[in-house]
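I'd like to ask some things about the structure below.
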Amino acid sequence: MSKFDSKRITEIHQHLHTHLPSDSALRVKTLESLLVEKGLVNGETIDAWVELYSEVIGPKRGAEIVALAWTDPEFKQRLMNNASLAIDELGFLGTATGHLQVVENTPLVHNLVVCTLCSCYPFSILGIAPAWYKTAAYRSRIVRNPRSVLEEFGVEIDDSIEIRVWDSTAELRYLVLPQQPEGSKSMDLKLLSSLVTRNSMIGTDRFLKINTRRKS
Amino acid sequence: MSKFDSKRITEIHQHLHTHLPSDSALRVKTLESLLVEKGLVNGETIDAWVELYSEVIGPKRGAEIVALAWTDPEFKQRLMNNASLAIDELGFLGTATGHLQVVENTPLVHNLVVCTLCSCYPFSILGIAPAWYKTAAYRSRIVRNPRSVLEEFGVEIDDSIEIRVWDSTAELRYLVLPQQPEGSKSMDLKLLSSLVTRNSMIGTDRFLKINTRRKS
Amino acid sequence: MDGIHDLGGKEGFGPIEVDEEHVAFRYIWEGREWALSRCARAPHISIDWWRHCRELIQAEDYLNRPYFDSWAQTDLSTYINADILSIEEIKTGKADNSSTKNLPVPVKLSLEYLRKNHRENAIKFNNPERSEPSIKINQSVLTNRNGHSGHTRLPQYARGRHGVIHKYHGAHIFPDLSAKGIKTYQNLYSVAFEAAELWPEANGRRDRIFLDLWESYLIEVN
Amino acid sequence: MDGIHDLGGKEGFGPIEVDEEHVAFRYIWEGREWALSRCARAPHISIDWWRHCRELIQAEDYLNRPYFDSWAQTDLSTYINADILSIEEIKTGKADNSSTKNLPVPVKLSLEYLRKNHRENAIKFNNPERSEPSIKINQSVLTNRNGHSGHTRLPQYARGRHGVIHKYHGAHIFPDLSAKGIKTYQNLYSVAFEAAELWPEANGRRDRIFLDLWESYLIEVN
């Protein structure tokens, strides 16, 4: 029997629909405890992965990449040419960034990232994706009505600016390089990276400010 | 303000999603009691409509039409030409049959009816549609995989037979005229109509039998 | 609109419950909702606008809530939109009668009356004065590639596809405009599509799918 | 497959919750599921087969259940399919250890180890030996009109549409076959589409949508 049989998976999902507890926490507990009991995963390794993505890896990494690109033209060049190689210099290469593409905002261009078919995201530099990024509402609307979605995020984009929506349909992940805010030229890397919001690296934020620190 | 504003309806649905009780019976009770209290509907008229479609109007009417078409070639001719006029002779004209089209099964053709966009159905001759007819499963699959759907209904259709699926996208309703079963030539109208299943008039049944009475 | 209601050909909806008990209404509330939908409606409503209001129900509710429940929600939305009911009234279940002073008083109709006069419910949607087709039977047509965000009756699965005119039905009310309160008539045709024209896996299958489509959905082709 | 997951351009999903608290995992179970998905997988699995298994979740569950919940269900389905877990074990929560005798023993990895070696999780999907594009930059292309019932990465909204080759990315694993356990490589391109080519209401809007598409999704046109 083929191990790649859609019909069998459909039947399994029907069984699961009937037999799984409706509480998500219980579902995951069932999966974890069975895998641990069967010796398929190590409980402490699971703890370490949770900690890694709760404490170590998050959008701060992306913000550091952006700040460096603003201040170091040679790094920026390497980043635009091959972002996977460039972030490896910083120790940020990892889950889902084996193929990474940076897309740069300019006065005339605004970039936005989505995955309409699932929820692809550059985990090792932005951490776990925000919940809205994974919703049917964002995935369905952003490719069709990017301007109205941006308005909901409080971002108004002039009609003269071209919006480019990047739908991550392959194993290529995207990072938006936002524009450096006015009046930040003299700031150091640490201060600069604190200006970079997570949303600005996905494209649902555009106008970074020098007097507000990262909120989201 | 336009009375035909999609955005406003979307907002209303969001309010309703939040504020309606989740129990369907309570939702309908709320609607009914408000309309009655406001003098917009008459409670006894509602009772009469329920009774009409519980007791009087149902697939028995369609079965009578079919039996008459089998036995009266002139009626059948009128039925195929203009089904709305023909069923009016029998007193069966009514809800959703103002434009009715009869499609006839033959040894080489099998007809099936669906409404992929909502759930259009010829109420005044078949009564309230069966629940499966209104499911996403039937509506999605019957236009694409009619043969596998028919198999689920226990109906096997030879590859040499053409399947015609009628998707009721307009205000035109369809009634399938099934083939008269072998060995029923001598039967009277009443007996003949008892052989006609509701599903055979939608197309999810094909092979009527003279020794089984209507089940569904 | 490219909504969840446009289900033709979509995959992943599982098996069909075929062994259903044959009963008009499984629950009392189903019958009440059916009857309510027969007795009263918001002013200015058309079947197309009502259908569009149903399509606009949130996708997850559309798929998960019972069928007649979605009718009740649709009715409620049209009454609220027409300022006949308010969210507040629906929350409390108590009517504020100020808003309905000028509406006609409903009549009491008996079962016997409804049975005898049921044919009055057979609504005609065609314009009998217009019955000249502008596209001939057997003519090849290509359907529009796009829909639009309003109500339309050209399903996604039949867009940008080649078919053949099978039958002419006269000029019928055009739903896309009717859903915006504008009553116009347009020629309506049954159009036949080969299964293989619509579905990638249907190659060699001699089945056909028929849709009733209005003239502006169609382009004549050679 | 033309499943519920193929959401691009679909209408009726309502507003976006933009004021979300910035937190990696809202609930403990979300973190556990994320971590589980990093630690173990059913044999023979590919990312494409896993995604297809997620797409096959019943549409109403796909829309209604929380995001990482659907990951857990997907994992469970792949383990059951690989005969590593059974429905019975999942129902009772008790493992029957007979089925996993020959599987490798999992190692214990510390946070420090994971942090230092995280780059090992950056998987490459391209074939570095193949890097010659067969379609030139700026070439006009037409996408396939149809998908198929298996896993594919050409969304419905971009089928049968004209675009322009924007960038070449080398030969990448072809997902449609990878989801069937067959590893092949095919040239991958970013393709740019004018908004007005995809959406009926976008006329005059100077926005573009870029998708990463494999060669066999594309036909060169003039």
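Chains: A, B, C and D, in written order; residue numbering restarts at 1 for each.
One rule holds for everything that comes next: a residue touches a chain if its C-beta (ideal position, glycine included) is under 8 Å from a C-beta of that chain, and two chains touch if they have at least 3 such contacts.
Since the structure is predicted, the reported quantities are computational estimates derived from the model, not experimental observations.
A.B. asks: With contacts counted as defined, which of the two, A-C or A-D, has more C-beta pairs across the interface?
C.D. replies: A-D
A.B. asks: Based on CA centres, what chain would you say lies at the far end from chain A?
C.D. replies: B
A.B. asks: Rounded to the nearest whole Å, what is the centre-to-centre distance of chain B and chain D, using the mean of the C-alpha atoms as each centre?
C.D. replies: About 40 Å, centre to centre.
A.B. asks: Find the geometric centre of each of chain A and chain B from their Cα atoms only, then give the gap between the two centres in Å, rounded to an integer.
C.D. replies: Going by mean C-alpha positions, chain A sits 49 Å from chain B.
A.B. asks: How far is the middle of chain A from the middle of chain D, if each middle is the mean of its Cα atoms, in Å?
C.D. replies: Centres of chain A and chain D (C-alpha means) sit 14 Å apart.
A.B. asks: Which residues does chain C have that touch at least 2 chains other than itself?
C.D. replies: Counting only residues that touch two or more other chains, chain C contributes 1, 9-15, 56-59, 63, 149, 199.
A.B. asks: Please output the residue numbers of chain A that touch at least 2 other chains, ranges allowed.
C.D. replies: 10, 14, 136, in rising order.
A.B. asks: Please classify the inter-chain touch graph. Allowed labels: line, ring, star, complete, other.
C.D. replies: other
A.B. asks: Where do chains touch, given as pairs?
C.D. replies: Result for touching pairs of chains: A-C, A-D, B-C, B-D, C-D.
A.B. asks: Could you list, by residue number, the parts of chain C that touch chain A in their complex?
C.D. replies: By the definition above, chain C touches chain A via 12, 14-15, 59.
A.B. asks: Show me the residue ranges of chain A that touch chain C in the complex, using the header's touch definition.
C.D. replies: Residues of chain A touching chain C: 10, 14, 136.
A.B. asks: Any idea which chain A residues touch chain D in the complex?
C.D. replies: Residues in contact with chain D: 2-6, 8-10, 12-17, 19-20, 24-25, 27-35, 37-42, 44-54, 56-58, 84, 88, 91, 93-99, 114, 116-119, 124, 127-128, 130-132, 134-141, 143-144, 146-147, 149, 152-154, 162-172, 198, 204, 215-216.
A.B. asks: Inside the complex, what are the residues of chain D that reach chain C?
C.D. replies: 1-4, 9-14, 55-60, 62-64, 145-149, 156, 160, 199-201
A.B. asks: Quick check: in the complex, which residue numbers of chain D touch chain A?
C.D. replies: Contacts found on chain D: 1, 5-11, 13-18, 20, 22, 24-29, 31-36, 38-40, 44, 47, 49, 51-54, 56-58, 61, 63, 65-69, 72-73, 75-77, 79-82, 84-85, 87, 89-91, 93, 95, 97, 99-100, 103, 105-111, 113-115, 118-119, 121-126, 149-150, 153-155, 157, 169, 172-173, 175, 179-181, 188, 190, 198-199, 202, 206-214.
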